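Worksheet: the structure to be examined is printed underneath.
For reference, chains read A, B, C and D in written order, and residue numbers begin at 1 within each chain.
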Amino acid sequence: MTVNNTATDTATDTATDTATDTATDTATDTATDTATDTGSPAVTWTPDELMTVNAARALSGSRTCFVGIGLPSAAANLARRTSEPDLVLIYESGTLGSKPSRLPLSIGDGELAATADAVVSVPEIFNYWLQAGRIDVGFLGAAQVDRFANINTTVIDRGPGRSEGRLPGAGGAPEIAASCGKVLMVLRHSRRNFVEKLDFVTTVGHGSGPGDRARLGLLGEGPVAVITDLGVLRPDPETAQLVLTEIHPGVTVPQVIEATGWKLRIADTVGVTEPPTQAELAALRALKSGGDTRA
Amino acid sequence: MADIRSLRDAVAELVHDGDTVAMEGFTHLIPFAAAHEIIRQGITDLTLVRMTPDVIYDQLIGMGVARRLVFSWGGNPGVGSLHRFRDAVENGWPRPLELDEHSHAGMANRYVAGASRLPFAVLRGYRGSDLPERSSTIATVTCPFTGEELAAVAAVNPDVTVIHAQRADRRGNVQLWGLVGVQKEAALAADRVLVTVEEIVDELEPRPDAVVLPSWTVHAVAHVPNGAHPSYAAGYTVRDNDFYQAWDPISRDRETFLAWIREHVLEAP
Amino acid sequence: MADIRSLRDAVAELVHDGDTVAMEGFTHLIPFAAAHEIIRQGITDLTLVRMTPDVIYDQLIGMGVARRLVFSWGGNPGVGSLHRFRDAVENGWPRPLELDEHSHAGMANRYVAGASRLPFAVLRGYRGSDLPERSSTIATVTCPFTGEELAAVAAVNPDVTVIHAQRADRRGNVQLWGLVGVQKEAALAADRVLVTVEEIVDELEPRPDAVVLPSWTVHAVAHVPNGAHPSYAAGYTVRDNDFYQAWDPISRDRETFLAWIREHVLEAP
Amino acid sequence: MTVNNTATDTATDTATDTATDTATDTATDTATDTATDTGSPAVTWTPDELMTVNAARALSGSRTCFVGIGLPSAAANLARRTSEPDLVLIYESGTLGSKPSRLPLSIGDGELAATADAVVSVPEIFNYWLQAGRIDVGFLGAAQVDRFANINTTVIDRGPGRSEGRLPGAGGAPEIAASCGKVLMVLRHSRRNFVEKLDFVTTVGHGSGPGDRARLGLLGEGPVAVITDLGVLRPDPETAQLVLTEIHPGVTVPQVIEATGWKLRIADTVGVTEPPTQAELAALRALKSGGDTRA
């Protein structure tokens, strides 16, 4: 799902164009330092690796995943290389059961087709496979997310007198979020990305609260976790609002609050995610470098 | 019945000012060479249709070829923004660009309706999204059996569809394989179809996962080896990921972009 | 994930009295062996769905397995009438048979809607025909863009779809090729899917024009060589045209028919 | 199109079940005699061959044909072997450009797929190819035809107190007749087949007269010729009613009138079709016997 990877890029561009804060960069620095401080001396990682490893873990127990390019693809491929060897990866370019040996740059990389169980047309992947509700997990990125895990990837309001800032658009996201059994989201944590109010609703997460998905006729249960480089947010079962439930090692709760554009609710007990294992990091780095650590 | 001819002649005959043109290829088999020929011939005022505008439409838009874009995801896959697309939308440079914006599911179904020669297609889509507010080609229909309200999208029927394929035979039958995207639908939805191919062969040997467009659905075939670069043709070429990365700095700046087009398109064959 | 099991166990587990069952295969890959197992197990009160009921449903209907038939063309292809089907409809023997009757285009689209999990599909069909008067699953919708009135057909979502295919691998991935008919749609429209196959292999080698149903869309695979006879499996068996001709006199007479079923189905494995 | 071949069979069954006349059989005998009397002494043919050869000739100038099994398939294959070597044969089983060497018994015969330019799914053949109006000629049979070339292949009224007689059903015919550029029909001529009033309208030819196709939104021009074993009927451009325009060699106009269930109109000038040539008969017989007369 090419929507996703560009969320990062677009955020960067928007940051360039507008005078928003640089929470992401700050978070990145902090996380990196912390990891080095608290991890096993032999194991260090980047904030992106931390995020990707935790996103991969969130796929535990899933059978089929509709995968976006970029962070979601990295996470899904890592899951397939570690805890979920039978995970079926489905790309909107029409591949069912892709088994790439390295991370594809685009959803059109030839290896996705060459290693697939079946290759179908783009209309078929959307109609017979996604819309039909056959897919357990949809894995999305986002440019802007609100407290109900709704997503904007269309336009940014750049203020009075300025034209809208252009984002890449919807791609597959509206129907992925509607039709998959559940949705995972992965994106970097900043006040620019986690906003009080979306400038445009491209994709509905939990709408305006409980009952909205049913009212709109959205099949799946919607977003169940938003994994960032700072921690994990999950919707409160009562209010459907995102709540901070876990932080990554070395991250503090105030740091997450500061990086969130709305008054973030905090779970009664905030867990701390397990640091990446050496095996996870090795598998992730092998994927990124094009190697293959499997036997 | 398809004629086999030069790319220049085929574009001159089939693509006209003001046409609605779909150049498809979902991240694979993108017909870049044909797009460059459109730029060289100075064809303009096009309505461009494509699910993923990609670098190919960034180039056409940056050269002012298009007055309108119909699409569902406009980025440089794996890299970032399409800067010429953004510049046109945000700043009207080199000319304003109208948008008709969909989701992928919606666009795919618009082509399906077009290929089926139905006026619209039905999907369970766009629910709760702001997208329908900005498009006149998204509406609703009610199921006459269940009462469920569903999204309806208007058919796309381009004047011309341009695709790139691996092979054609001498009679103009076309064969493509690998990620076949929405090309069959885009071709069958159009009034005129132009196909550039890597190779022209005596006989099309059957291939797994291949789509065949019979000669009588194709109007012109042009032999253009590597005609998808920097995209690729599975079995013939590989995706030039470096080019996609390099496009980001080239396209950020108007002058750098124009210089690149001059050197690599206008002054190229 | 598909289990590989005996045909007897698979039918017993997946097909129940009163189910809506689609046994597809458009003149090719018709799952006769599975139909015979349904007869042997005495499963009854089925709603049978199939574009071309063919000899397979003539046998099921003649044995009183079905209370209802959903179809679009009920003949013995290349030979003539389906006598058991006619006897049930015209004379209620061995039991009355309700009909829901469509055109091929309508039935194909009912499966497409079923596979897409939409409640209906749209086509330009049935215009001026008396067919809609006799079916509650044909209605109309109006295009919200052009105002054109089009036919709507209700989705078919069988409880069980049964198909025959050339091959499966040991994980239960299924591959079929040749005339692939409407099998993918019929399988994806169903709650449960049973596939009989000519061969179980270690690895599915890609084939031209092949359809693959991933293991996770299939509930049971049974190894039944020649399981399509008198239909055929391209690459494995040939159509037994003589049988289709011979069926005409066998099926014209109730007693001859019953004797044939006793000998070739009930007393066979 | 399996609708067609069974028209013959059904007519036979219906004749068995009901007390209709046996015009077809009579016509058959007469035509056979006549052919023997008037043809070249070296060339004899059956009425079915006469009908098939004339049906094949009607495809002259066509590029693509949606072919029913039985008589239409024989005619279309014969055309491809004689005057129209580039004729593209399309079968509803999903084959585009089939080139069988012998006449298939059913539309599912393996050779149709093995010799095709492309094989597609059944939904695709109906939606992308037929409905889209890409096909020049649809070639249909029928159980009952009326004066406007409307077709019944569904049920026969067997009179008071009797249940309807069951015909095979619509198959592809309603949409073939609606969507092809034009329609050819081929069936044996009898009062049982050519009826005053259809018991059921399965497939619209010209409806109730001029303008009806446009009113119903039917794309193509509809039936342009009905080729029988006695001659050829064509719709009058003014009234859209079938008019006898040609008789086969040795057939008389009164014979055709007698075999038609309505008061048949006769063209001002009734032509006589050319007898089958030796080449046509040789090609047809080779097709039926499974041989191949082409180089």
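Heads up, the rule we're going with is that a residue touches a chain if its C-beta (ideal position, glycine included) is under 8 Å from a C-beta of that chain, and two chains touch if they have at least 3 such contacts.
The chain lineup, named per UniProt: B, C = CoA transferase subunit A.
Just so we're clear, the structure is a prediction, and the values are computed from it rather than from any experiment.
Considering every other chain in turn, the ones in contact with both chain A and chain D prove to be B, C. More C-beta pairs touch across one of C-D and B-D than the other; that pair is C-D.
Per-chain CA centroids place chain A at a distance of 28 Å from chain B. Computed from the mean C-alpha positions, the centre of chain A lies at a distance of 42 Å from the centre of chain C.
Across the assembly, chain D contributes residues 127, 131 that each touch 2 or more other chains.
Residue numbers of chain B whose C-beta contacts span two or more other chains: 117-118, 123-124, 148, 184-185, 209, 211.
Note for the complex: chain A touches chain C at residues 63-64, 88, 96-97, 117-118, 127-128, 131-134.
Taken in their complex, chain D has these residues touching chain C: 2-3, 5-6, 8-10, 12-13, 69-70, 92-95, 104-110, 112-114, 119, 121-123, 126-127, 130-131, 154, 163-166, 168-175, 178-179, 200-204, 207, 212, 216-219. Within the complex, the chain C residues that touch chain A are 115-118, 173, 184-185, 188, 211-212, 214, 216-217. Put simply, chain C touches chain B in their complex at residues 116-124, 137, 139-146, 148, 150, 152, 154, 206-210.
Chain B meets chain A in the complex at residues 26-28, 51-52, 71-82, 85-86, 89-91, 101-105, 108-109, 111-112, 123-131, 148-149, 178-182, 184-185, 209, 211, 231-232, 234, 238-239, 241, 244.
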